[in-house]
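Shared between the two complexes below is subunit A, which has subunit B as its partner in the first and subunit C in the second.
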Partner chain A sequence: MTSRTRQIVIALAVAAVLAALPLWGSSYWMRLGTFMLMYGVLAMSWNFIGGMTGYPSFASAAFFGLGAYAGAIAQKHGVPIALAWLWAGLLAAAFASLMGAALLRLRGHYFAIASLVVAEVLRELANAATDLTGGGMGLNLPVPQLASVEAQARFFFYAMLALAALNFAAMLWVMHAKLGFGLRCIQQNEAAADMLGINTTAYKTAAFVLSAVFVGSAGAIYASWVHYIEPPDVFDVLYSVKPIVMVLLGGAGSVFGPLVGAAVFLALEELVWRNYLTIHSGVLGLLIVLLVLFLPKGLLSLSSRLGRRLGPSSS
Partner chain B sequence: MTALLQLREVGRNFGGLRALSNVSLEVQQGEILGLIGPNGAGKTTLVNVVTGVHAASSGTIHFDGGEITRLKPFQAARRGIARTFQIVQPFPEMTVIENVAAAALFAGAARGIAQARADAFEHLRFVELGAIADRPARSLTLAMRKRLELAKGLAMKPRLLLLDEVNAGLNPAEIDLALGLIRRIAASGVTILIIEHLMKVVLNLCTRIAVLHHGELIKVGSADDVVNDAAVVEAYLGKRYAAQGART
Partner chain C sequence: MLTLQILVNGLVLGGLYACIAAGFSLVWGVLNVINLLHGSFIVLGSYFALFAYQSIGLHPFLAILAAAPLFFALGAVVQATLVNRVITAPVLLTLTLTFGLDLMLNNAMLVAFTADYRKLTLDPPLGVLSLGPVTVPLDRLVAMGLALALTVMLFLVLSRSRVGRAIVAVRMDREAAALMGVDVHRIYAITFGIGALMAGAAGALLAIIFPISPIASTSYLGKAFVVCVLGGLGSVPGAMVGGLALGVVESFGALAFGPEHASTLSFGLLILMLVVRPTGLMGRKGYD
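== the complex of A and B ==
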């Protein structure tokens, strides 16, 4: 079995298990599952630009909020829900290709700070454009005409699952394609990559667009799901920070790292929040620091480490 | 013979510093041209200007009949200009074969990653790194990294190969190995411009030698011409020594 076939088999198994969640899960688990898939999309998307290309982007919140508002406004004007989600993804992608031309000239900390500012600017714009976005009053979305609350929960869960599956397929394809090879070269040594004939500007822009398109759709699905959005909610800087933590937690640049990171992060967040209500962000932060310190290559590196210790000469 | 690479009055300034001024130089198809000069003479700058890392401040550069003065590095690479770095630049976390496959895929003739790996393995065998193809590039010794640079350059299927001090820091046995490789590359029809400090290598290998000093080309000629040229001796050893040499 080649590595790619094995990855596809594992992914299908995980998808099947997740798809069965509505059969037994309470509405609490459905909510958690939908969030996990959404975080998974955010983390997998960040993996394109941050993990594979090595550009520490903090622009996820900008794409998420832009997608949320694009989808919400489209739905308000009577666009069917699925089309609104698609349009939100495409708008985020177009926005990323424009932003990328300017931002991707910067490297390292400078790129990180510049990408962080994008969400802040969009939030202020959303606040100011009261006619379009409702400004600080927020925006109400039409509630889908479905039989029950459970049916609604199921609908948004499967929507997020479908988006995550698409995102995963795109990531797997890129990783095994010429594009992913080129991105890894850029991550390791951009000057040398340029000298080998890689059009670094085009490749980096492609990675940035890929890091935006699914996040934009995720924002739109989120908006439809919660029925109400406001600027500080969807342009929250945490939508930029959490995906990075998840990817580092799981293993940057790897296939399953982002998903594992998203699941573990969400589990930690829930457990810590339940048990340490007053100091939960402190405890969560401490856990993350410890994990990153002792497992710099992420949780997935545990398996190969254990394999080396237990098995006789595995490589 | 026709000129493969042609520089016409090329200059490059860094602020007030003239790193290159009015350099006119032709590299003929099939030759091995040595580029020598004291530290800071502008040798690496010349390579950087040809490959598009730095734009020329003045003058024009032609390659294979077309102008390349304003090309970016990746475009120059696709036209058939490969270079090795004085300070080696591998992709450290990739394996040796992946390093070379990248060159074959993006600038060479390979179609698809599988073929690029196959091509890469041939080039690794040529530079005698075939046995360690699957090791991470960061684990290589300096001599191996220099040969890896050579393999990457070759995988790009270049018409012109610019070698920036591929022998610096190697021991005599390693230098002999590298020399043999460079000769075989030249024999396969690749034109070579080599920056080198070791006169043993330069005199041994090159058909012609160009000398840079303070960014100016002070001499182009055969090995004998260059070694006996008063201006060249002066550039390396100072005026007094040059005067002594002239008396004897």
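== the complex of A and C ==
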């Protein structure tokens, strides 16, 4: 089997297992599953710009919040739910292509800060535009007309699963296409890539747009799912930081790294939340510190390191 | 006359911003590390001044002297034991590390001090200074004077002292400095310590002006970012110019657009500056 076929087979198996979750899972597990898929989308999307291209983007929260508000406002004006989600993704993508034209000329810390600030500005604007967004009062969304609470939970779970599958397919395609090759070249040496004829501006913008479109839709699905959003909730800086931690946890630039990272991160977060509510952000910080100091290449690097230690056959 | 009053308000605020940003800029410039702990260090300095005043009546202006060695030691230890281990790693890792450390410190402060805003009220109050049509609260004026004095002191240390020249040398060329016999990791620890010292001292000064809460740390951090980018990274004069510019812009911006848009304005300015002139108003290479 080629590496791509193997990746597709594994991905289909994982998707099948996940799709069966509603058959046995309680509503608690459904909630966790939906969150896991959402985190997976955030992490896979960040992988386009951060993992493959090597640009430390902190813009995920901007795309997430923008998508949440775009979807919510569209739904309030009577747009059907699926169209509202699509529109949210497209708006986030358009916004990313505009911002990318300005921000992607910056590098390193400057890019990181500029992308971080975009979310802050959007949050302030959402706070101030009371007519459109409800401002600090937040925004209530129509509850979908479905038979039961369980049916609703299933509906949003499958919506998030479909989005995650789409995102994964896009990631797999990019990784094996010329685009992914170009992005990895930019990561290693942008000047050299430019000299060899890679249109770095177009490639970087494509990566930035890809890192926005699914996150925008995920924000809109999240908004419909929880029925109520407010600026500090959906523009939370943690939506920018968590995907980075997840990708670092799983291994940057790899195919399954972001998903593994998202699952492990969610499990840890849930444990900490449940047991240490008042110090959960401190414990999260400790996890991040330990991760950076001791496992900077991610969990998946453990298996290859272990493999090397056990013998050459497993490599 | 209103214009003059607003200008003075802006300059007073700007002097404090310069002090907030100077240490942050130094660490960024020399270590190439964005220290996301900076905001929490400032808040910790404010609490230090608050408790020193409430328990033993130590005046906040004197508390700076006590805070300085403590914060220097704290910063140097953090750098020597943690940040130095990943100092050559890509930007993303150091940024994530300081973010994690900030989550821990900020959470610890929330647990220890709660999120309630507290106020350090001087007894007796210092009163106000009136010069013709312009009125300035004396505590703000003195705090700004001390903040600027601290910033000038940092400038002198960097340009005159032996260790300061070593810091500048490391900033200019790490490898060359190491070849000249500079212990680079020790200089990193000292630099980070100085950054923390400036943050703690700024926090002690701010304690008499702004309400104190762990929640305030992100807004201080945001100011430090904007000042650095405005003035140009890694130079004390840059932090000074950037701080004063931000103070004046915010004061006039609050008048023109309403105070609720002050931070949007400064962040918008930040993005504009990054795109148009990323080296800042005073931008040039080298720390001196």
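To be clear about the criterion, the second predicted complex is superposed on the first by the 312 of 315 C-alpha atoms of A that agree within 3 Å, B and C clash if a C-alpha of one lies under 4 Å from a C-alpha of the other, contacts with A are read in each partner's own complex, and residues count from 1 in each chain.
As a convention for this text, contacts are C-beta pairs under 8 Å (C-beta built on N, C-alpha and C of every residue); 3 or more make two chains touch, one makes a residue touch a chain.
This one's a predicted model, so the numbers in the text were calculated from it and none came from an experiment.
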Please indicate which partner A:Gly108 is in contact with in the superposed arrangement: first for subunit B, second for subunit C, both, or neither. second
Quick one: classify A:Pro258 as touching subunit B (first), subunit C (second), both or neither. neither
Return first, second, both or neither, reflecting whether A:Phe181 touches subunit B, subunit C, both chains, or no partner chain. first
Counting only touches as set out at the top, which of subunit B and subunit C does A:Asn199 meet: first, second, both, neither? first
Looking only at subunit A, is it subunit B or subunit C that touches more of its residues? C
Which of the two partners, first being subunit B and second being subunit C, lies in contact with A:Ala191: first, second, both, or neither? first
Tell me, which parts of subunit A touch subunit B in their complex? 176-178, 181-182, 184-185, 188-189, 191-200
Footprint of subunit C on subunit A - complex, ascending: 50, 54, 56, 102-103, 105-106, 108-110, 112-114, 117-118, 120-121, 124-125, 128, 237, 241, 244-245, 248, 278-282, 284-289, 291-293, 296
Mind pulling up the subunit C residues that touch subunit A in the complex? 28, 32, 34, 82, 85-86, 89-93, 95-97, 99-108, 111, 218, 222, 225, 229, 260-261, 263-264, 267-268, 270-271, 274-275, 278
Applying the document's contact rule, which stretches of subunit B touch subunit A when the two form their complex? 51, 53, 72-74, 77-78, 83, 85, 89-94, 98, 101-103, 105-107, 112-113, 152, 156
